[in-house]
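Chain naming follows the written order as A, B, C, D, E and F, and within any one chain the residues start at number 1.
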Amino acid sequence: MSEVSNVARPSGRAANALRQITLTRQFTKHAEGSVLVEFGDTKVICTASIEDKVPGFLKGKGQGWLTAEYGMLPRSTHTRMDREAAKGKQSGRTQEIQRLIGRSLRAAFDLESFGERTLHLDCDVIQADGGTRTAAISGAMVAAYDAFAKLQAQGVISAIPVKQFIAAISVGVFKGVPVLDLDYLEDSDCDTDMNVVMDDKGHFIEVQGTAEGVAFDRQALNQLLDLAQAGIAEIITKQKQALAI
Amino acid sequence: MSEVSNVARPSGRAANALRQITLTRQFTKHAEGSVLVEFGDTKVICTASIEDKVPGFLKGKGQGWLTAEYGMLPRSTHTRMDREAAKGKQSGRTQEIQRLIGRSLRAAFDLESFGERTLHLDCDVIQADGGTRTAAISGAMVAAYDAFAKLQAQGVISAIPVKQFIAAISVGVFKGVPVLDLDYLEDSDCDTDMNVVMDDKGHFIEVQGTAEGVAFDRQALNQLLDLAQAGIAEIITKQKQALAI
Amino acid sequence: MSEVSNVARPSGRAANALRQITLTRQFTKHAEGSVLVEFGDTKVICTASIEDKVPGFLKGKGQGWLTAEYGMLPRSTHTRMDREAAKGKQSGRTQEIQRLIGRSLRAAFDLESFGERTLHLDCDVIQADGGTRTAAISGAMVAAYDAFAKLQAQGVISAIPVKQFIAAISVGVFKGVPVLDLDYLEDSDCDTDMNVVMDDKGHFIEVQGTAEGVAFDRQALNQLLDLAQAGIAEIITKQKQALAI
Amino acid sequence: MSEVSNVARPSGRAANALRQITLTRQFTKHAEGSVLVEFGDTKVICTASIEDKVPGFLKGKGQGWLTAEYGMLPRSTHTRMDREAAKGKQSGRTQEIQRLIGRSLRAAFDLESFGERTLHLDCDVIQADGGTRTAAISGAMVAAYDAFAKLQAQGVISAIPVKQFIAAISVGVFKGVPVLDLDYLEDSDCDTDMNVVMDDKGHFIEVQGTAEGVAFDRQALNQLLDLAQAGIAEIITKQKQALAI
Amino acid sequence: MSEVSNVARPSGRAANALRQITLTRQFTKHAEGSVLVEFGDTKVICTASIEDKVPGFLKGKGQGWLTAEYGMLPRSTHTRMDREAAKGKQSGRTQEIQRLIGRSLRAAFDLESFGERTLHLDCDVIQADGGTRTAAISGAMVAAYDAFAKLQAQGVISAIPVKQFIAAISVGVFKGVPVLDLDYLEDSDCDTDMNVVMDDKGHFIEVQGTAEGVAFDRQALNQLLDLAQAGIAEIITKQKQALAI
Amino acid sequence: MSEVSNVARPSGRAANALRQITLTRQFTKHAEGSVLVEFGDTKVICTASIEDKVPGFLKGKGQGWLTAEYGMLPRSTHTRMDREAAKGKQSGRTQEIQRLIGRSLRAAFDLESFGERTLHLDCDVIQADGGTRTAAISGAMVAAYDAFAKLQAQGVISAIPVKQFIAAISVGVFKGVPVLDLDYLEDSDCDTDMNVVMDDKGHFIEVQGTAEGVAFDRQALNQLLDLAQAGIAEIITKQKQALAI
């Protein structure tokens, strides 16, 4: 991106600055992979569980499957949300997010090379401050990697079936200025909100941009994508550091 | 867009060619607005219904609301799908699409200027051949306009609260070549699938791009957006012709 | 029926006059049978889909099954109805109607002679003006016939397993006079409402009569059945004309 | 009816003979009206409960409402049925029956003369041997009467708002012969099954006839209605005896 | 128990007196075991149904299963409750009770000795006056015994797989005094409510005590357990008398 | 308790030893009270949220309400459980536990003294190793206290409406020996499992004991209650230390 614009972000961050990002592995003990991912005050527990069977539509095809679910603790948010299990259904937003997580992670791993197994990714938000879906995707990448590493260590598979690292970030136009990694205050008050998933070659897996109030033009789109690309590269570096690879 | 690439599309269309698009107003008689929209063999009934109340969160605020629902007849598709009403829930895909339609149309109209009323958009696919969500958005624009025109004719509102015309189209990379307005055969076999919603100034309302199998780079993204922009301009022209404005 | 009574029907029809009835085959392209049936302003899409399996209770018995589902587009009616898929359940009325359609059509075809297959009939009302269930049954007869004809043409079955043609019509007592084929205005204001399904020999498959406000006597019942019998014979003639048999 | 046909009924009953019918009032102690109705081995508990409010669509209109629900204990039947509360929904058959009970009883009472109250009729089958819906309607008539009598005794209403007594019976063609009041063995093996609801003047409230396998002609219909009319008159006599009126 | 305290119970019973308890076998005719159990005015129909298969988690293990369901007729209670089948779900209370009944009865029978069969216990309250769950457990014991006796009589199993008789009773602190077998008036106004399930050796299967308002001390607990033990012994005697064993 | 029995507990703990218990306040930032409670490897997030309204049945009565919900992250357990929000309902176990938590905490606070407000307690298990419900109750006590303290600090209420401190622990008979605070290995292999909730005076709020396999006698019950009483006293000390009161 040509230059970084000036904007008074609530957090005092520069327009192109990520929040503090941490990835804590082995956060819980039962899951094959378990990561607490933090994007500033946004905290998501990502677990990866291996199950030794595949959904019906894949039975007997010799390949694996990867699927994701997403949830928020009722008081992960500013005001308490109703519990989806108690309401008896997942909201449209929840389903949209978990479909996005699943598609993104299926782009990272080779489903054909780990046998008739399912990798379940569960991303549960314990504290929300904007960007929960991008934190979830970025953390799930590490949890999934760990789970496959465990399978490899057990001799079940010969190699970790990773095709490419992927990560995600949100970008948006806040008070007229494109900024990286929106927190809740920015997210609630921005004109354009975009979630971007990219791989470690800087190619796109998903681009989801929404005008909030004001439509955005091609130039703004390009500035946002520049910010996202740089941010995602940083996150992938952190993922690899966390995994020590 | 620089130049149109050559690709053997199943339909024989040029890479930048839309399918035959028709918008039939007053398709059914009860709704305030009722449009049959056809993008080639994709056929969607879009109705716009005015209700004289708003959801709870808007009560007493003096403004209106616009919401959308989407459905497919069970045999609108190649093989019969289960009926969502019989299964007792809408799929994640259905919810994702109806949320997209609602957001897109809320960008087209001024919710503050038609009183405490709700405009319900129902988009029901009677025949599917790819691009049902973009056809639905493009047809709903006309149905909504008609419904507001009826309110205006009744003297209920003084002007049609349109802020801008919007339309939507899908684009994708088919056999390595960016193409406009994917039909079912292309959609099932493409590398990248993108739905774009734009306004009549060529600005973006929504961009939703997904890599299918292969991640896409910035150049492909730009070619796809060029195709979409030109296609949407054509559709908006057709919308205005249909409305004789 | 002895003589036709005089009554000022809203439509100006004679007491024993059907509305304009049309049966448009191949209305949509994917289903094995697809018929748009119109009884005046009542319009129902009836599709017949062949599935190569049967429900659990019939597995291994070597016979087929036929089942029906019914739905209304939310704004097929004067005021918008809630979408059943969004509410998460089908109303009692919907279930009652689809059970009636299924029973009626199972009387028309020989379930034992088309192998372990299921014929799914989907009847979706796109515009309602009274008599949607009887239109659905009458249209589904043609759609089912077409679907079986397709199976026969493919050499899958040697003959169309039709036992008899069936059709349905509503009759009622409107302002004291028995009339045939109630439209919405009559239906909302009648004393007795009866739906009759008969075969091409003039025998009964179903008789469902309900007093609305005033109980009806045996004479009124007989007059209504006379009207229904003549009306159904007309509809069956139209079915056969549509099928060119 | 002209003459009674000969048929070997499993129960040894004459073709026009009802089963033993008993109506036990005050069967349970909490409900305003509570009747155990027995049609032979079919046993249904009918309770009538008065609630001091009406559904939303009637609020402020100064009139009452009457509604009915129907259920079967899981092992009221030959083989155990799944419990509807555990499955999370009522079957289509259940809904159809409870709609029929509600419509029938609304024909018996004057909804405008008991204030903004709802009469809830609950018909729960504790043992099924055919004819549960007609037993339920016949028993609910007495339970409802008792509940209104209680309101009258309390001085809440000045008169029991009964317009007419109603009762119901099933008739059918069993082994080619029209018979009255089918038990389970007959019901499972009959050609035509008809449920009839009539008032104490011999007029029809509901006629629901279904061909099982073989369509029925006008003569059979007439014979069945003759049987039903005589049977219902007997049941209404028993209702009045039970109520000592 | 040391001595029986004096308290003015609404029923006039002594603190250690059970209500009149009756167990009527063969109450309905279809179930393998069918018992009407009455604890005073509390009346519960308990049926035991044998099904020739087991749940998935037990398939192929050569053993049986026993499960229970519980329900209340809507007007079994003082004011009408909503029907759970109509609401589409069982309340937490219902589930808690049916889990308790199932656990208790599984302690009474040897699941390993009656083959791959499931015993379904259905406990349906037709009149409630306190203590429905303990009546249900005590009645289900007899219904289950009868069902197994039928299997034995048919030569399917060689012996009734009973390990021990079990029964249940409620105890509570009413107006400061520990009392046995609370009726509704006591139950609504007591400080502590405890349900106890014991076997015929006086050992505990379940103890569930809840402080209502005031916490209870060890001494009160001991007095309540003494009352329960004596009461349960009486009930088990009645169970054996009813079964004539 | 007289003396501590010897048993080889998998953890090496003495029969009367609690696991390491920690209560971390302010664990998440949005909730009025937020506690991470750990009983060894069992980890539960307990949040307390104040809402300024009460359920319908309490409206206008001037008092408050307290309610609890419980959930487990899908991979908090050894093998992944299905997500309840995705299944569309909470299990019977979940409902039983959240009812227990709610009843227990309602015994700790004076509902009449904090106005028409609802305290929502959400207990979400992020790692399970036995005893999740007792950890949840013990942690929720602290979270609720914190939430009320916040209300007091804001001047909304004049005092924290605590009546008494309460805590909970599980006890059971493991390999014939009564032990305190079962972990997962013990819980899966014990003969008797009991959950006890007590207040700071050593009185009982809840006692829920279940025989697993073998019924337990009065002596075992007494030993278990002795263990529980001592354990709960320790936990209440820790609660007060955590709160620095």
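Throughout what follows, a contact is a pair of C-beta atoms (placed from the backbone, for glycine too) under 8 Å apart; a residue touches a chain by one contact, two chains touch by 3 or more.
By chain, with names taken from UniProt: A, B, C, D, E, F = Ribonuclease PH.
Predicted model, so just to flag it, every value in this text is computed and none were measured.
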Using the touch definition up top, find the fewest steps from subunit B to subunit C.
1
Select the chain at the greatest separation from subunit C, using centres from the mean of Cα atoms.
F
Copy-to-copy rotation for subunit A and subunit D - C-alpha atoms, rounded to a multiple of 5°
180
How far is the middle of subunit C from the middle of subunit F, if each middle is the mean of its Cα atoms, in Å?
60
Between subunit D and subunit F, what is the gap in Å from one C-alpha centre to the other?
51
Taking each chain's mean CA coordinate, subunit E and subunit F are separated, in whole Å, by 28
Which residues belonging to subunit A are in contact with no fewer than two other chains?
88-89
Going from subunit D towards subunit E, every chain in order around the ring
D, E, F, A, B, C
In the complex, subunit F touches subunit E at residues 89, 92-93, 95-96, 98-99, 103, 107, 164, 194, 198-199, 201-211, 215-218, 221, 225
Listed in rising order, subunit E residues that touch subunit D in their complex are 28-31, 34, 41, 43, 45, 47, 49, 51, 69, 71, 73-80, 83-86, 88-90, 94, 120, 122, 124, 126-128
